[in-house]
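Next up, some structures in structure tokens.
There are two complexes below, and they share chain A, which is joined by chain B in the first and by chain C in the second.
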Partner chain A sequence: MHFLDLTIREIHEALLAKKVTVSELVLEALKRAKNNNYNAFETILEEEAIKKAQELDKLEVPADNYLFGIPYVAKDNFSTKDIETTASSNILKGYKPLFNATVIEKLNEKGMVLIGKTTLDELAMGGTGTSGHKGITYNPYDNSHTRLVGGSSCGSAAAVSGAIVPFALGSDTGDSVRKPASFAGLVGFKPTWGRISRWGLFPFAPSLDHVAYFTRSVDDAGLILNCLSGRDEKDFTSSLKPVNNYDLNHTVNLKNIKIGEICGVIDSITDKNVLNDFNNLVEKLNKETKVEKVNFDTKLLESIYPAYVVISCAEATSNNANLDGIKFGPYYDGKTYQDVMMQARTNGFSELIKRRFVIGSYCLMRENQEELFLRAQRVRRLIVDAFNEKLDEYDVLIAPAAPSIASLINNSSDKLSSEYLIADNYLAYANFGGQPSITIPLGFENGMPFGVNLTSKIFNEEELLYIAKEFEKILGFKNLSINNMKGGK
Partner chain B sequence: MKEINKDVLVDASNRLLFKMEDSEYETLLSEFDVIQKQFEIMGHIEGVDEAKPMTFPYDIRIDYLRDDVPSTPLAKEDVLKNAGSVKDGQIKLPKVV
Partner chain C sequence: MNFEAVIGLEIHVELKTKTKMFSDAPINFNDEPNTDVQLLDMAFPGTMPRVNKEAVRFAIRMCNALHMEIDKEIWFDRKNYFYSDLPKGFQITQQFKPIGKEGYLEIEVDGKLKKIEIERLHMEEDTCKQLHFSDYSLLDYNRAGVPLIEIVSKPLMRSGEEARKYVDKIRELVTFANVSDGKMEEGSLRCDVNISLRPYGSDKFGTKVEIKNLNSIANIEKAIDYEIKRQSELLFLGKSIQQETRRYDEAKKETVLMRVKTDAADYKYFVEPNIFPILLTDEFVQDAIDTCPELYDAKLKRFISQYQLEEVDAKILINNEGFADFFEKTCEFSKNFVAISKFLISDVMGYLNKENLPISSFPVDCKYIAEMVDLLKSNEINSSQGKQVFAKLLVENKSPLLIKEELGFTLINDEDAILNIIRRVLNENPTLIDDFKAGKTRVQGFIMGQVMKETKGKVNPGVANKLILQELNK
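Let's look at the complex of A and B:
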């Protein structure tokens, strides 16, 4: 096993003990990135990464900086200075931002080495990893390339589960990190809305957008949060609340933790393996504490998805009005400035994105605002109130992160079924309310992973991570990748 | 609620400043068949019409007035780097009048 296959904390110890150099780690990561056949990358930053690694090798490894010299990747919707950033859309082809996103800047300052920008569903508007301008991103666990890795943070999920890097930045507006984490056997973590600055993250639906990320252990998720969290004057929605220490160096006793399982989600799942492994987990947890069943109105759970579609498409329609081919992106000549924009947007957006924008526009039409946009915002309030009421009573709410393993490409599901409306899309409730939410691996079916999600009340990241770490111990799936599958194949 | 037909969708895409093919409108119309049924679920929730619309995940304090800190603006050449049509240090577009 190469040092690159260890967790961030273990790689740090190896760097400190001079068992490996930053350049060795980065060269191995670049080699794997170039050999990947999952379509994980928009750009591989070979020259820049090698240069930075060589500079870092001249320095003493700081004992208290776990991120020093660790290679990582970022979803291609984070602004990176002088590096092409397209959000996997042709309308941004060639665009090189003039600044780094705050999170990129923070990771750079810690000495992390960005080795590439990863693919996503175009403009982060999708959940399949199939709609980016570079085509489908495949699940590294499926050699036949017939299964999705999920989206929209598809390339980041593939890069971590494909053993290229131990950490990847993503973004999560509905479930875009936490659901692919389930399909890729990873830890996928979305801290509270406002905990991490979003300055430099391309907006999709700002009232729902979160910076989120993939790691291969809960412990590593804490180390990354230590770096990324905190107020940023450039992002007025970033929180003024003081940050905690997320270095998980002690444990919690689950006996003191109150856990609720979300019945409506579990009841809507038909996959026996997912249900079986989830029930086994509950059985094990019940030996240490009592897992109680938590009920919500089924109609409320079924409304999460339609409310999400209305709010996200409406916000996206407005937020992407600046993509006009004039200030950045390919320019097309025309007789009028409207013609210039019309050509840029017609040629630059895929069919799927255009359809999403039209849906958003329809929801915002004067005649529809009360019945669609405002109603969706009212539903959002009821959903958030209902979940927050339960989160006042329980330390965490749990349920399978997805109803099954990653689906086959082009698989069509019944979009009016309870399984689709609830189990496939319920994670967006934590985007509505901004609660911290984490997915960790739960089990395998035919060599394909699936996960369990834990969500806590807002700004309760520290406790959530400690609880997730206990779950990780019980489940025994830590540091999974295709090079370290344990109970997998 | 506004009835959905091809004309409404064409009007929407024109306002959004992009063109769509006829086949794309057909796909969208059939997509709306399902989406509208999903949207209808929201109307069946008890108390929905009395709830206050929610625009952010929680109440946040927003400081609109920041301290006045001088900073260096971007250079003009940098700002124009990503523009596809530039002439004499400005973005060039077709004449409006």
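Let's look at the complex of A and C:
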């Protein structure tokens, strides 16, 4: 096993002990990136990464900086200075931003080494990882390339589960990190809305957008949060609340933790393996504490998805109106400005994106706003209130992160289907309310992983991570990747 | 005329903040195109808006000046539409909750004050400046994101004259509050007119025509007057008014059709998700109001009461940029307020007009002007000496007392010396006393003339006059 296959904390120890150099890590990561056959990358930053690794190797490894020298990747909807950033859309082909996203800046300062930009569903809209301009991104656990890895942060999920890097930046507007984490056997974490600056994250639906990320252990998720969290003057919505220390150097006793399982979600799942493993987990938890059943009005749970579609599409039409071919991206000549814009947008966006824009625009039209957009906002409020009420009562709410293992590519569609209405879409409640939410591996079915999700009240990520770490111990799935398939068959 | 005009105005005012409404880009109107541009102004993906506090402060000042209710909860909304001058594809504005509502201002019509109610005042951002050529267009992003306030009147004006006075009052308020240059020619104040006609007595509104691209306050009046004429002629002929947008053609002195309006555009407004609602503290609002420079009406009132100025003089000082300040600074050195106002209006303004200079380039310090006025007022020099002292003062900018002495302008104040001259005149003209007692008042002037002649004008006329009367009444 290569040092690259360890967790961040372990790699750091190895670097400190001079068992490995940053260059060795980066070269190995680059080699694996270039050899990957999951279609995980938009861009591989070979030259830049090697150069930075060499510079870092000249320095003493700081004992208190766990992130020093660790290779990572970022979803291609984070603005990276002078590095093409397309959000996997043709409309941004060739766009080289003038600035770094705040999170990229922070990770760079810590000495992390960006080795590539990863694929996504076009403009982060989608849940399958099939709609980017480079085509389908495959699940590393499935050599036959018949299964999805999920989206929209598909390339990032594939890069971490495919053992290329121990950490990848993603974004989560509905479940775009937490769902693929389930399909890829990873830790997928979305902290509270406002905990991490969104400056430089291409907006999909700002009221729902979160910076989120993949790691291979809960512990690593804490280390990353220490670096990323905090107020950013460039992002007016980033929180002024002081950050906590997310270095998980002690433990919590589950006896003191109140856990609720979301019945409506579980009841809607038919996959026996998922249910079985989830029930086993609950059983184990019940030895330490009591997992209580939490009920929500089924109608409310069924409303999450339609409300999400309306709000996210409405915001998306507006946020992507800047993509008109005039300022950046491919330019198409025309007689009028309308010509220029229409050609850029007609050629630049895929069918699915246009569908979403039409839906969003329709919902915002004067005659429909009350019935669709404003109604969806009211539904959102009801959902947030209902969940917050339970989150005041319980430390965490848990449920399987997805109704099954990753779907077969042929069966998937990103046409906003309502199959598995609740279990496939409920995670968006934590985007509505901005609560911190984490998915960790729960089990395997035919060698394909699936996960469990834990969500707690806003700005409670420290406790949530401690609880998730206890779950991780109980489940025994830590540092999973295709090179380390402990539970896999 | 049988029709009544119903006129409402929408005025956009560019605020003269140091930076833009939602980005850190500086605002300098004279900078090269596309040099005052920040990432957000070109709508690069991932950029986010931050609210400019100074702009909010300026908006509060204007709300206060217009007697508006100030909403302390600040919300912004998106107005969505595609246009080449709109980088983000939406404009951040305040559709649902304007910072100010329900205000008014007063204009003088036929010697009477008329109250014009104002519906709302909201903050928003400007678009790019576009330059169109025959086969291409250029965009200047310097203007993209410049803070604007939009002031929307109720449709309560009835004539071009009223509209002109309303806009002039707004211009006066924004310039006195120092929130904008308020120059229509330069586009820092823009006015759109909505106008419809209806028969007198009707409470219904006629079809509304919008007039855009008005570049001077005078043209607002002309455009409206023309439009009233055009619409009434159409109505007299039994024709209907089209809902359309027109512009004013200065050369033809008439309004011209720009485009016919179909259904009102749907801007698909929704709340801006990247700006949290901001709750203004009472202190912030009060401070914005308290730090507002004095407005025209208040200043006029104060100049009349504090300095006992004549209204006409006070208005001249206040209307001429920089004069009111110069006046007040001068008054710190002398209590001859009225004399100072007169001196500034006649001599100083005269000089500046002749030289075509602004008062900011006036070469003389306030304290010397005060001294100058004191010298004249106390008759230590006469007016012709005054002219010479002032001429030298303009060149040398030093104490007029010193100049007076250098020029040898010393008035004779010695009563005995003056009495001697008076007595000599009386002796040489023995009939004078009798003439005086017979009621011939010109005697007094004659003696003064002789005294002045004798002394080449160097006698203090006040002292001389007193002594002449004393001698004649003996």
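Operating definition for what follows: the second predicted complex is superposed on the first by the 481 of 489 C-alpha atoms of A that agree within 3 Å, B and C clash if a C-alpha of one lies under 4 Å from a C-alpha of the other, contacts with A are read in each partner's own complex, and residues count from 1 in each chain.
The rule we apply is simple: a residue touches a chain if its C-beta (ideal position, glycine included) is under 8 Å from a C-beta of that chain, and two chains touch if they have at least 3 such contacts.
Predicted model, so just to flag it, every value in this text is computed and none were measured.
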Checklist entry - Does the superposition put A:237 against chain B (first), chain C (second), both, or neither? => result both
Checklist entry - When the two structures are laid over each other on chain A, which of chain B and chain C touches more residues of chain A? => result B
Item to check | Contacts of A:263 with chain B and chain C, given as first, second, both or neither | outcome: neither
Checklist entry - Touch check for A:358: first (chain B), second (chain C), both, or neither? => result first
Next on the checklist: Tell me the contact category for A:50 with respect to chain B and chain C: first, second, both or neither.
Outcome noted: neither
Next on the checklist: Which partner chains sit in contact with A:303 here, chain B, chain C, both or neither? Use first/second/both/neither.
Outcome noted: first
Next on the checklist: Just to be sure I read the superposition right, which of the two partners does A:371 touch: chain B = first, chain C = second, or both, or neither?
Outcome noted: first
Checklist entry - Which partner does A:207 reach: the first (chain B), the second (chain C), both, or neither? => result both
Checklist entry - Does chain B (first) or chain C (second) touch A:199, or do both, or does neither? => result second
Checklist entry - So, A:409: does it touch chain B (first), chain C (second), both, or neither? => result neither
Checklist outcome for this item: Dual-contact residues of chain A, meaning touching chain B and chain C, are 95, 98, 207, 233, 236-237, 317, 324, 326-328, 337-338, 340-341, 361, 365
Checklist entry - Along chain C, where are the residues that touch chain A in the complex? => result 39, 42-51, 78, 80, 82-84, 87-90, 137, 139, 266, 268-270, 273-276
Next on the checklist: With touch defined as at the start, can you tell me which chain A residues reach chain C in the complex?
Outcome noted: 77-79, 85, 87, 92, 95, 97-99, 101, 198-203, 205-207, 233-237, 314-315, 317-318, 320-324, 326-328, 337-338, 340-341, 361, 364-366, 369, 373
Item to check | Residue ranges of chain A in contact with chain B within the complex | outcome: 94-96, 98, 193-194, 207-208, 233, 236-237, 239-240, 297, 299-300, 302-303, 305-307, 309-310, 317, 324-331, 333-342, 345-346, 349, 351, 354-355, 357-359, 361-362, 365, 367-368, 371-372, 374-382, 384, 415-416, 421, 431-435, 458
Item to check | chain B residues within the chain A interface of the complex | outcome: 1-2, 4, 8-9, 12-13, 15-21, 24, 27-28, 31-32, 34-35, 37-39, 41-49, 51-58, 60-64, 66, 74, 78-79, 81-85, 91, 93-94, 96
